[in-house]
Amino acid sequence: MSLEELCGLKAFLKTTNWSNSMRQISEHDFQEITSNFNNPYRLMAPVPGTPDLTNASLKIDHGTTALGFVYQGGIVLCADSRSSSGINVTTQTMDKIVPVSSQIVGTLAGGSADCTYWYRVLARESRLHELRYKRPMSVDAAAKMICHVSEMHRGTGLNMGMLLAGYSPKGPSLVYVDSDGVNISGKRFSVGSGASNALGILDPMYRFDLTDEEAFDLALQSLCQATLCDASTGGMVVLHHVGPAAHRIVRKVDCMELHKKYSLDARNFS
Amino acid sequence: MSNLGIEQFPDYQVPGVSHADFSPYESNGGSIVAIAGEDFVVIAADTRLSSGYNIHTRKQSKLFPLSNQTVLASTGCWCDTLSLTGLMKLRMQNYEHTHLKTMTTDAVAQMLSIIMYNRRFFPYYVSNILAGIDKDGKGVVFSYDPIGHCERATYRAGGTAGALLQPVLDNQIGYKNMNLHGEDAPEVTKERAVAVASDTFISAAERDIYTGDSVLINIITKDGIETQELQLRQD
Amino acid sequence: METLLGIKGPDFVMLAADTTHARSIIVMKEDQNKIHKASDNLLISTTGESGDTEQFTEFISKNIALYKMRNGYDLSPRAAAHFTRKNLADYLRSRTPYQGLHVCRWVCFRIHQRYDETDGAELAFIDYLANAKSLNHAGHGYGAMFCSSIYDRYWHPNITQDEAYDIFKKCIVEIQKRLVVNLKNFNVSVVDKNGVRNLEPISAQSLTDYNASS
C-alpha cells in the first residue's frame, strides 16, 4: 500500500465503485466492443441476419448542400450548416467544411456521423503521412483513402459525399468522393440534396478567370439559392478559400442575410 | 478480407431454413434537457421508464455521473443505455488507472462519439446528451445522434419529447424569437436554467405519454454535482 | 446510360467510350476517360456502377502489371480476358465476407481488347453476369442498341482503321439523334502493332458537317 500512496494512486483506486454487471465483462469482449479505438477501420460487424433497423425509427442526422470550384485564384468551397434527422432540424450551426490537414480541406454531405468519423480518421492518416514521409499527403491520396473505406463498406448503408480540395506543387486539385466508391477530380462540383439548385446558378455564371470577389459572390449566390429551394439546406452559409499557401474562412453569414441581398427586390432597386 | 466478420450466410431463401425475426430494439421513453451557462451546466431527465403503454417504473434515473465534472443522460432502448453507460464507465476507469487523472468533458465527448460509431451497423438505439464543465471552466452540452455524430451546443433537448422541448429552449434560452444578436442576449443564470428546465418538463408531462413522474436535475459546477428533484404528473 | 463501342480489324482493335460521368440525374463530369490503358498493348473500358468500375478496372490492371513483373512477359490477350472473366464471376457468385456484400453491385459491363504480336487482335466482350465472348464488333449500354445494325451493315473482315473510325462516327450520330440521354463526347482509342494511340475524340461539334450517308 505504501507504494501506491507514495505515487498518489490512492485517490484513483478508491474512487471507483462500478456496478457488478460490467465487472464481469472479459478483456476480450472489452477489446471487441471498443475495437475501433485500436484500429479505426475495425468497426463492429453487423450481426448475422442483420436486424431490421427501420422499425426502430432510428433517425440519423444528415447534412446537405456543399459546392466547390477551381478558379484562377484558387479553390472556393461553400456549404450550409443545417443538419436534419427526418423532418426535424437537429442543428443550424454545424461545421460542414473541415480542415483535414494544413493542405487539405473537405466538405461533408450525407450522414453526419459517417463523414465526421471518417474525416477524423483521414486527418489522423494524413498527419501520420506527414510524419512518415516528411511531406504533406496529396488530395488524390486522401481521396483514395476515403474510396477504400467506401469499398470496404459496400452495401452497408454508409452515406457520404465529400469534396476534397487542396494545393500541391502541381497546382490546385478538387476531388469528389462518395460512399459508392466514386472518385473523380474536376473543376466544379456540387454535392447534397440542394446540389441541382446550386448548379443551376453556378454553371452558367462560372468562368475560370473570375476575380476573388466574383468567385466568392458566385458561391454565395449559388448556395443562397439552394437554401431557398431545398428544404433541408439552410442555417449559416460558410465560405472557404483554399489558396496555394493556406486556407481560410472568407465568410460565415446567416442565409437570411443573403436572401435579402440577392432577393428580387434588392436586384431591381440596385 | 474478414474485417466485417460476417459468416457465409446466403441471402436467398433456403428450403427448410426458417428465419427468426430479430427486432432487438424497443423505445423505453424518457426525455432529457440540458442547458449550459458561463460556469455551470444544468442537465435534467425524467424518471419514467415505460414500454408501449406499460410503465415499468416511476423512479429510474437516466442521469449517469461519469465524473464530478461530467454527466451523461441517455434514453431510448434501456438495454442499450445500460451497456453504453457501463462501457463508458469502464473505459473511464481504465483511463484513470492508466493516466492517473480523470477524463475531461471534451475527451469524454469524443470518446462517446467513437464508441457509438463502433456500432455503426447495429447502432445503440439511444438519445444521448452529455453535459459538463470543459477544460476552460465553461459549461458545455454535447448532443449525439444514434451513430455518434457529436455536436457541441449550449442547450439541447433529447429523448421522446425532444422535438417538443427544443423549440421551447430555442425561445427561452436561445432568444430565437426576439431578433437579438448573440452579444445582446442576456446571459442565462443558474436559477433561470433550472426554472426553464423544470418548466419544459412540466409541459412535456402534459403532452408526451413517455415523460412524467418526476424530474432529476443535476447542476454541475466546478465544485461538483448538485441534485434536485421535482415531482411531475403521474398520469 | 453510358455507352462503349468496340470494333476489331485484321490488325487492330478500336474502342470508343462516352465521357459523361453521371450521379443519379446530375452530370458530374463531362471529360471522364473510360478507356484505360492496362499495359503496352491492352485497353480496358468499363461501364456500370461508378466506383465499382474504377475499382475493378484498377484491380485487373494492377494484377496484369504484377503478372508481367513476376514472369517477365505479358499476359496473352485471351488469358487476360479469362482472368478478368474469372474474377468477375467469382465476385458475382461468392458470399465471402465483405465482397459478398457488394457482389450484387459488381455490375460491370466490359469490353476488353488488345493487340498481340502472335495472336493478332482480340476483342473480348464481358457482360455483368461474366459472360465472355470474343467478337468482331461489340457494344455496351443503351447507346449500343442503335449500333448493332450499323456494325452489321458496314463491318467487313478487312476493315481499315479509317473505316472503323467512320463506323464509330455513324454510330455516334445515331446515338446523339435517337437516345434520350445526352452523350456529347466520345473518346476513341486504338491498339495495333505500334501500341496504344488516342484518336481524335468524336463530339457533337466535330460531327456538325459529317454526312453519315456517305
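To keep things simple, chains are lettered A, B and C as they appear, and every chain counts its residues starting from 1.
Here is the rule we use: contacts are C-beta pairs under 8 Å (C-beta built on N, C-alpha and C of every residue); 3 or more make two chains touch, one makes a residue touch a chain.
If you're wondering where the values come from, they're calculated on a predicted model, not measured in any experiment.
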Relative to chain C, the most remote chain by C-alpha centroid is chain B
Central chain (distance from its CA mean to the mean of all protein CA atoms): A
Go ahead and note the Å separation of the Cα centroids belonging to chain A and chain B. 24
Can you compute the centre-to-centre distance for chain A and chain C, using the mean CA position of each chain? Integer Å is fine. 35
Could you state the distance in Å from the CA-based centre of chain B to that of chain C? 54
Contacts with two or more other chains, residues of chain B listed in rising order: 3-6, 9
By the touch definition above, chain C meets two or more other chains at residues 98, 101
Out of chain A, which residues touch more than one other chain, so two or more? 152-153, 156
For the complex, give me every residue of chain A touching chain C. 147, 150-156, 176, 178, 180-184, 186, 189-190, 195-196, 199
Of all residues in chain B, which touch chain A in the complex? 3-7, 9, 19-25, 27, 77, 82, 86-87, 89-91, 93, 96-97, 100, 113-123, 125, 143, 145-151, 153, 163
What residues on chain C touch chain A, complex-wise? 21, 23, 25-26, 28-29, 32, 49-52, 54-55, 98, 101-102, 104-105
Mind pulling up the chain A residues that touch chain B in the complex? 7-9, 12-13, 15-16, 18-19, 21-22, 25, 30, 33-37, 41-53, 55-61, 83, 85, 88, 90-91, 93-94, 111-114, 116-117, 152-153, 156-158
